[in-house]
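Common to both upcoming complexes is chain A, partnered first by chain B, then by chain C.
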Partner chain A sequence: MSNSPATHDIEQALKQYVAREILDGKDIGLDADTPLLEWGVINSLEIARLLGFVREQFGVVVPLESVTAEHFKDLRALTGLVASLKG
Partner chain B sequence: MDFHWSESQDELYRRALELARRHFAGPSRVWADHAFDRAHWDICAEFGLMGLCVPEAHGGLGLDALTTARVVEAFGRGCEDTGLVFSAAAHLFAAVMPIVEYGDDPLKAALLPGLARGAAIGANAITEGEAGSDAFALRTEARRDGDFYVLDGAKSYVSNGPVADEFVVYATMNRKHGYLGITAFVVARDTPGLRLGAPLAKMGLKSSPACSLYLENCRVPVGRRLGREGQGGAVFQASMQWERSCLFAGYVGMMERQLEQAVEYARTRRQGGKPIGKHQAVAHRLADMKLRLEAARLLLYRACWLRDRGEPAVAAVSLAKLAVSEAARQSSLDAIQLHGGVGFAADYNVEHMLRDSVPATLFSGTSEIQRDLVARELGL
Partner chain C sequence: MQLADLVISAARSRADAPAVIGPDGALTYGELDALANRLARALARRGVVAGDRVGLWLEKSGRGVAAMQACLRLGAVYVPLDPLSPAARVAGILGDCTVRCVVTTEARRAALAAADAPAELAVLHVDSDWHEVLRESADSLPPPARGPDDLAYILYTSGSTGKPKGVCISHRNALAFVEWAAEAIAADSQDRFANHAPFHFDLSVLDLYVAFLAGAAVALVPEGLSYAPRRLVEFVREHAISVWYSVPSALALMMEVGELSAAAAPTLRAILFAGEPFPIKPLRRLRAGFPAARLFNLYGPTETNVCTYHEVTTLADDRSAPVPIGRACSGDEVWAVRADGERAGPGEEGELIVAGPTVMLGYWGQPPQRGPYATGDIVRGDDAGEYTYIGRRDHMVKIRGHRVELGDIEAALLQHPDIREVAVAVRGAGIDARLHAFVVAPPPAELSLLGLKRHCAERLPRYMIVDDFTPVTALPRTGNGKVDRLALARLAAASSSTSGEQP
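And now, the complex of A and B:
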């Protein structure tokens, strides 16, 4: 799954969102493994906005029980979550 | 759109107001500066105040948010002792409702009947020395050990702490996970390793006791966890939605009493050959107090209405909290100005409303934090 074109697109869209909306263009060497929670990139306010973006961009509603550190720890995990929800 | 209350809502409001006035009002005493009084708590509990929005199955009145707010407003209006109303609301919204919404069935069955009746008192502990507005930067730790979690850490400001039986405590299980590393627990007062600091001396809300809380190797049974591991941030945010709307209804009630008192004074106090209310500068001050009260009240009702319909209400709730708390503080200053020296003297039940209102722009998230939340919702 991880290398399929669809998954790649999801990861790119999420990466662009984080770079543009959260990091405001700041270069932290953002990649699929950057620890978003540990580095405080995603906090409680940002999670709410990010969930809104995922809903609008991919048409999927992330269920509350999936809002966990495991799924939000980095872009790779988040991409996997969105891909699995898109079915 | 319909601005009417139902008959049963009106009846509840009237009964609550009458009870509060009968027991906790009147010029015969200074209401601001006495200590927590369990007999006063019990009178409110008897009415059902401690479990207004707790489902009837668990011993509460099963009210929705809007009706809950209206009853809290009645207490705030009738009861000169704002600290008592604050303590009751902190208990209900920040300690009891998290158990209602996130406790498992055995925990709810064990704790809610006592808490909803007010036989037991609840408190909430998230704030730490280094984690205030940035609450989710908390450092109190929880680690799993068999059928227990072991908690270690210190909480700096726990309303109701000195008298509470149950503490909703937030701890991190993995600091690297930030907001999603936090877990909520209900810790009983007699748990070994739980220690309370001395009561805090404060500017206002004197009858609402507060203290620090220390947890050392405190073993909490797994069944006392609220929600899942890592869901504590969401548990806390849900409790703040209750508090920022329904607790602040108490201040709406206080402002209404304050305005009635100020109008009466402006009509009867004479200076320069006429009642001071006939001086335009004084009358306009009262008109502004009325404007602040009604605007804040409408924002509050709408926030509760949205919550009851299950609609997104983050911005509406923050706007209501901001409006009510800022209005209460400003109008309390105005009330003192309008009463002159009498307003400043401690034995006329005017100045204490300022001391009770100043903290309203701090707890449940400061005014700055509410503006941040509104700004985010605006897409900033």
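And now, the complex of A and C:
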């Protein structure tokens, strides 16, 4: 995945969402490689909400078969998924 | 009779029938039997003999199921470990019950070594040693010289002081429950069981062993599917699952997000749930969504497996009370004891006491459990002899069916250099249950939720990671100086978190 401006914007929007809606508003230490599942930042309930955000924000519907731990393990993976679906 | 005999006997009568359908492929009973024999020989080569403990730390798989059977065939005791737990916690458990050998992967073994796992530990790698396993003979092994009251497996649960406790289950304990459950749901060889719970969670005992007793197939739900409840519903349909058993919160999510119903999953004929109370609204939806299926509410701490049950038949539209945990099963006797030590009568609250064949041998490394087991659960009996769960008498809570001692989380948080005092409260219930930490961290410390989550993740299972925290200058205390848990619960409930709402 090339780090194009569009990709950067997606990552920033996702990061803000996670900091605001799931964390305590702070994004200290939250970066593209922060392990979201391993550190218990998101779980199955939060993934369902995150999918809603992705749909509204980017107009992208994540297909069921792409809802895997691999795609949600960190912001880099999730950004890559959204960018590839936006095409 | 031993737990190992269930697969051995199904392999004799139904060798070509499917036994386990895992993410790593399907095994017939004949194949599972052969693989268990090969793995048993590979374990024996690593020094495992009858009575030894063997840790299993790997993703859910057919290989993992075969490894359990291999241990039993040697008379060894398997210890299933949470694949999502950090290596440090797993290493602590391996040391606690002094395992002889651990069955795991190369990557996990490296993590254990880095976490100071006992150096003398033998390892059977399910990846790099697999060719060696397949070269072993598949012939039957002589039955081990073990009796029904010997240990079959150990399940570790959260301990109040920060040290996990190993619940020791004998062959008799496990079989008493498995035989009761098979009869209660009328399991037969045409059934297809789903295994949703991880292997270190006692719900998996029903999925695996009731299927094996009936000679039926069990399909293992891969861990990652729980991130997408709709995919869980697809799993049920694809595998034509007839018996489902999970915590209520998983079923609630499958209905809410995955539109689970008889139309989506027509083969489901029995749905069982345990681990936490099922809130009445989603339960009513489940009842309405599956008019023809049998629904069972099962109850029992890990220490007693399942000791009571209630079959949910009809639910009145205006019912707001939770369904009962029901009456004794698995050959057990249950009763309630009031705070003054007298037996509670109908309508009276008391602590539920369990006696009978499913009561554990004891905790590993502690004196044996003698006589009835006091569950710590407060219940109320009715005139018909059915019990209803009221609450806990201590600080144990349930997070999506996982039992959590708040003291276990507090002990881990106290290891944080900036935290002087801490108390954890739980907010909400079922899928909305959240762990809220109140921390005393004097300036200049500045804590972040992400930092605390990371701290927890390095020490605790994933379901014990805190969801929210509030810095406080002092913890609320009662007149005699104890942490005021009621005040904390109120503070947690009142905290204006952005993340506690329903989606």
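Everything below uses one rule, namely that the second predicted complex is superposed on the first by the 83 of 87 C-alpha atoms of A that agree within 3 Å, B and C clash if a C-alpha of one lies under 4 Å from a C-alpha of the other, contacts with A are read in each partner's own complex, and residues count from 1 in each chain.
The definition used in the following text is that contacts are C-beta pairs under 8 Å (C-beta built on N, C-alpha and C of every residue); 3 or more make two chains touch, one makes a residue touch a chain.
Since the structure is predicted, the reported quantities are computational estimates derived from the model, not experimental observations.
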| item | value |
| --- | --- |
| More chain A residues in contact [chain B versus chain C] | C |
| Touching partner for A:33 - first (chain B), second (chain C), both, neither | neither |
| Touching partner for A:73 - first (chain B), second (chain C), both, neither | first |
| Chain B versus chain C as contact partner of A:24, first or second or both or neither | second |
| Which superposed partner A:64 touches (first chain B, second chain C, both, neither) | both |
| Which superposed partner A:47 touches (first chain B, second chain C, both, neither) | both |
| Overlap of the chain B and chain C footprints on chain A, listed as residue numbers | 35, 37-38, 40, 43-45, 47-49, 64-65, 67-69, 72 |
| Complex contact set, residues of chain C against chain A | 223-224, 226-231, 234, 253, 257, 431, 448-451, 453-454, 456-457, 462, 465, 467-469, 498-499, 503 |
| Interface residues, chain B side, partner chain A - complex | 136, 174, 176-181, 228, 230, 233-234, 237, 314, 372-373, 376 |
| Chain B contact footprint on chain A (complex, rising order) | 35, 37-38, 40, 42-45, 47-49, 64-65, 67-69, 72-73 |
| Residues of chain A touching chain C in the complex | 20-30, 34-35, 37-41, 43-49, 52, 64-65, 67-70, 72 |
